[in-house]
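In this document, chain identifiers A, B, C and D correspond to the written order of the chains, with residue numbering beginning at 1 in each.
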Amino acid sequence: MNAVSMEAGLLLAGILFLLGMISVMIRRNIIFMLISVEIMLNAAGLAFIVAGSRWVQPDGQIMFIFILTMAAAEVSVGLALILQIYHQLKTLNSDTANFMKG
Amino acid sequence: MKAMADLLWLIPALPFAGALLLVLFGNRISRGLVTAIGTGSVGVSAAITLLLGIEYLSSQPAYYHQEVWNWFSVAGFNPSIAFHLDALSMVFIFVITFVGFLIHIYSTEYMAEDADYSRFFACMNLFVGSMLVLVMADNLLLLYLGWEGVGLCSYLLIGFWYKEPANGYAARKAFIITRVGDTAMAIGLFMLFQAFGTLHIQTISTEAVQLWDTGAQMAVIIAFLLLGGAVGKSGQLPLQTWLPDAMAGPTPVSALIHAATMVTAGVYLIARMHVIFELAPVAMMAVAAIGAVTLLIAGFAALTQYDLKRVLAYSTISQIGYMFLALGVGAWSAGVFHFMIHAFFKALLFLCAGAIILALHHEQDMRKMGGLRTSMPVVFWTFLIGAASLAAFPLVSAGFYSKDQILWLQLAGENGSVWLYAAGLLGAFVTSIYTFRMVFITFYGEAKTHVGHQPTMAIKVPLIILGVLSLLGGFIELPHNFGHVVLFSDFLSPILPAVSVVPGFDQYEWMLQVLAAVVSLGGIYIAYLFYLSKPELLASIHRSNTAMAVHRFWHSGWGFDKLYDTLLVRPYVFLANVNKRDVIDGFYTGLARVAEGFHMMLSDTQSGVLRNYVAGIVVGAIMILTISIFL
Amino acid sequence: MELTFYIAAAVAVLATLMVITRYNMIHALLYLVVSFLAIAIVFFTLGAPFMAALEVIVYAGAIVVLIIFVIMMLNLTYEDVQKEKEWLKPSVWVGPAILSLVLLAELAYMITAAEAPPAAAVVAVDARLVGMALFGPYVLAVQLSGILLMAGIVGAYHLGRQKKKVVHRFLQERSAAA
Amino acid sequence: MILVWLIVILMAGGLLAWLAQRWHRASPRWIALGSVLATLGTTVYLWLAMPSATLGASPWLLQYDLPWIPQWGVSFSLALDGLSLLMLLLTFFLGLVAILISWKEIKNKVGFFHFNLLWVLAGITGVFLTMDLFLFYFFWEVMLIPMYFMIGIWGHENRNYAAYKFFIFTQASGLLMLLAILGLYFIHGSQTGTYTFNYFALLNTALAPEAALLLMFGFLAAFLVKLPVVPFHSWLPDAHSEAPTAGSVILAGLLLKTGAYGLLRFVLPLFPTAAVEFAPWAMLLGVIGIIYGAILAFSQTDLKRLVAYTSVSHMGFVILGVFAFNELALQGVVMQMITHGLSTGALFILAGFLYERLHTRDIRLMGGFWSKAPKMGVVALVFVMASLGLPGLGNFIAEFLTLVGSWQANNVLTIFATIGLVMATAYSLRIMQKVFYEPAAVEQPELPDLTSREMLIAAPMIAGILWLGLYPQPVLDLAKPSVQEQLQSFVPSVENKTIVGRQTAFTTTTTDTVYFQITKGITYERK
């Protein structure tokens, strides 16, 4: 098997992460924001996998599993919150939910 | 006879005790008891004074001294509560206790209707006590205690009828202006302490001569500072403005405090510290000059007053001016002599005025009086005696002898000058004019106000006694070409050095006496012309604009009140009110505002918009990475 | 193998780009699935086949389906898509994009600037090793994950139910004002 | 040990008072009264049991030492000398007064109030007793926080603002002092090798002039703010006017005195050369304070605020006297601390009485009360006269001694300070005039005169101020050894060997071996 350079893998993770981040910044729809967070989490997991593969250690994959677990829990709670927000505000616009304004 | 001297402390202690009792129980005991405590304590003091005086005269010790307790002692500074009685103090406590006692008796009737009867007597007793401490103190700090104590009583009694805001204002004015003088005096005390390490009067008097030469700078400065205190208390230029306003108090107060005793404390101070003043000829000159100017200014101001008590107030200022004049040329005993005579006749005049005011339902304006000669004969005759004494009516009145002595010494004394003499003579002329103006307006002409209250014994007896004293008091000190009685100056000679007279001047003395007599009689005649026989003369003056402008100027006391008001009072009040909110607090408030501004800025970043937070995180990440790359 | 990685990487980036630029949520989700699948291939090329499987099952499967369910529950309409269009203007995305590009540049610089060790051949780390490590040194974290999932379930249940309308006091004020 | 008990009684009494509130509503008052009476009794006993003859040899009457955190050189070290004894007498007397005036005034959270009151007193007691700088800072904070609660919970309308302001000013300045304490600690430690917070040990620290100046400013920050001196005074009017009466009394009577005490006890002996260098400026600040406070007091219409500004003015005399460095002035300062505690405390109490009856502090709404309440009038008169420095009352002795002393040091500034007395007359008489003399613009319905409880509070204070004015010798005797001790570093020709040693220490800038021998000798002697 040919070697995949670690730089390329990390760069991919970085690009995906930043795409997710751009999305969080530019989208107002709260579901899109949730999706973008998933992208970012996934990118982070990718970085772990790349590192694990580079050093041939299982730890990277273990971290990915934990990230996966966390993402699952997060998305379920997040979706429940989105439902609540939608029911109360009748919109998915996250800017409307700015009651914590200082 | 040690026993009598041991009673020394009782003289001031009794009035203090009386005051204390009246303060504590005054509201709960009957008026009779208040009277008994109030007058009784002063009376007993007077009796002890008399006994002591007799003993003093018979045994002729240098002085009596009694230390009651050691006040405090710090780093070699140990003033005592100790009394020192010599001839000078003797004269003063004699006047204070006796005149004070008479005025207390008088007050029992004058104040009979007043609701605050016991408060009045408490204050009066406190005053007598403080005044006695002042003149009997053996050190300057204790003197200062009495000095401020009488100031307090003066404040309390001027503001006795406190519900009238003007009275309270006058009281405050009196206290503050005298405090200005006291401050100068306090600084003088600091300097004396620094120089001598003590404030004991005898020690200072003996050591000053060794420490300083005549004209030494320290001595001059100290003398001027003490003079500041004296000027404040005695209502001399430039701190005289409080005294006319002080007439807001009850008339017995004016008689006791603002005529007979307290205002002469300045005279006492200068006489007491004469050693220092003798070392400072410049200060002596200043004393004389202040006296001369004051006696003229106050005399002319008195000419134009309509309020009976204000005329007397200005005349008091003027007469104290004479005393200063005497002190200024070193005629110590002449000054003290005039003090004593003045105490008699001025108390008499005030008490008469009080009787009139009481009779006329608290009317003080002379223009509304008149014709009282027949309706109040006792008051008229005693007032006439007092007026004669004030105007120095030749030969029969005590005032003639005391004032003549002062005038004579202006020329004959080594330090005297023609100018001072001329000022004194002009003052004497003015004095007799305004005195008899007062007599003629008040007692002659037709009655304008109904006489309500006829004086009873409590008023008449003090008047008669003081009248007798005003007539006869002068005969204990007569000019040497005219009986040559020198009882008084002999009495004082151990304490106060005699003035040195220019030799060969004696033969002119009779001329000067005649001149003084003529001036006095001339003044009376002019008053007679203007106010009794030819009122049209007065009317012609009233038509002249210039004369009226001068009249108004004199009436306002030469505009000093206005001057001080614009120069000092208003700026101070303005400054205080402008800064009421405290600019320095503004600085801290500003600091708080700035912090609050930063808080608002930071709080604005808390927009509640999730996307902005993410953007913030990104910016933060970029910054951290940039820093880590470039470092 | 290397080529596979690059192709999959390119697909993942493109698909993600499509995700974040869609106006319609369902379209976005479909692209998201594509992106996840591509990443699964990347995992495979990196020698983590088990993770590739998990990626497909959990991400592309469970999570995306969950989101779709929620979208279905929300009854979104055509207007919502229009609204998305309105919201996504160049003025909105230019700034963040530039910021992210800067960040990306810095990341790339840091990744490449480091003294890179020579690339070694990819060796698969199989699921057995992972499992042994997971239940060996990481067992405490596994238990914590269990608790986290439990909390997630309870939280989602609690937040998701709507037995009565409880309006927060801020919202009450707002509706009263409106 | 008896010294520890003083603090323990107060702290325990405070806790007990707080807890006892559930048990019975009035019990906190009685517990507080009991504990303060106990401490007052103890202090009076100490005073009477120490004949002034034994004071001659060493100024220290009692000492107590217990290691607390030995690793850092912190010990629970208390010591009593004449100055502290006087301050303690004042503390417990005013504490007693504070409890009595709160008897009717405080109605809610009675237990917590008395807890705070007693803990403030405990903190003040600690400040006056402790001889360990770490402990000093600890007690400095202990007295701050309960005071904050007292103002913030039981104060008047604007209490929160005032409480914050008080807290921030004192806390910020206290932190600067902590820095200076630590600086001194480390300098001393690096020089001698023994790291200790002990006051007596730190007295022998040799400091470079710049370091001494900086450290002194740290201490000064705390003390000058507490005193307060003019640019730092602005917390005081707010705190005083918003605090409940007991709080105002304790603030004016005691907390300000901790600043003055700190100057005497710490600044002068620890930094003699720096203090001499700073003296003209300090005296200038004092004079500015006297005059500025007097002018501001004159224009106030809030009675408590007016009295607060008079405190600023009176405290100017303290700093003027402290930096005159002679016995007259320092004795004057000690007197001023005590008499000001009594007279200003009494004026605040009067303001409290008036507030209780009229529910206003605005003097424009008062007037003509002399006829309605003559007893109150007499009491007010006495203390107004005290505040303007009438001879015969304690304040006069204080001010006169201070001024005589400062005259030796600086003539010009003393003249200005003396002019302050005229201004004092102006503002003091204004109180009398507005409250008791001229009729009010608004007719106040009725004004009951002082009750017997209130007379019970006022009478001892009048007696005290008169006693201090007519026979202050016992107080001066008690303070004398301490004052001389503080002054030793300023008097060049003193026979005492210790002093000569310290003088050498300060003149020697380089730390040579000779110097160390001398210091060792001193420490040995002190033990």
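The rule is simple: contacts are C-beta pairs under 8 Å (C-beta built on N, C-alpha and C of every residue); 3 or more make two chains touch, one makes a residue touch a chain.
Which protein is which chain? UniProt says A = NADH-quinone oxidoreductase subunit K.
From a predicted model like this one, the values you see are computed outputs, not experimental measurements.
When every chain is represented by the mean of its C-alpha atoms, the one lying closest to the mean of all protein C-alpha atoms is D.
Interface comparison, B-C against A-B: more C-beta pairs in contact at A-B.
Computed centre separation for the pair subunit A/subunit D is 63 angstrom, with centres defined by C-alpha atoms. Computed from the mean C-alpha positions, the centre of subunit B lies at a distance of 99 Å from the centre of subunit C. Per-chain CA centroids place subunit A at a distance of 95 Å from subunit B.
Averaging Cα coordinates per chain places subunit B and subunit D 39 Å apart.
Shared interface positions of subunit D, defined as residues touching 2 or more other chains, are absent. Shown for subunit A are the residues that touch two or more other chains, namely 21, 25-28, 99. Among the residues of subunit B, those touching two or more other chains are numbered 615, 618. Inter-chain contacts occur between A-B, A-C, B-C, B-D.
The residues of subunit B lying in touch with subunit C in their complex are 615, 618-619, 621-622, 625-626, 629. Looking at the complex, you find that subunit B touches subunit D at residues 23, 27, 69-75, 77, 81, 115, 119, 141, 144-145, 147-149, 152, 155-156, 159, 162-165, 168-169, 171-172, 175-176, 179-180, 182-183, 186-187, 189-191, 193-194, 572-573, 575-577, 579-580, 582, 584-585, 587-588.
Taken together, the subunit C residues at the contact with subunit A in this complex read 1-2, 5-6, 9, 12-13, 16-17, 19-20, 25, 28-29, 32, 35-36, 39, 42-43, 45-48, 50-51, 54-55, 58-59, 62-63, 66-67, 70-71, 73-74, 80, 84, 87-88, 92-93, 96-97, 99-101, 103-104, 107-108, 111-112, 116, 119-123, 125, 129-130, 132-134, 138, 141, 145, 148-149, 151-153, 155-160, 162, 167-168, 170-171.
Of all the residues in subunit A, the ones that touch subunit C in their complex are 1-12, 14-16, 18-23, 25-29, 31-32, 34-36, 38-39, 42, 46, 49-50, 52-54, 56-62, 64-66, 68-77, 79-84, 86-89, 92-93, 99.
The residues of subunit C lying in touch with subunit B in their complex are 95-96, 99-100, 102-103, 106-107, 109-110.
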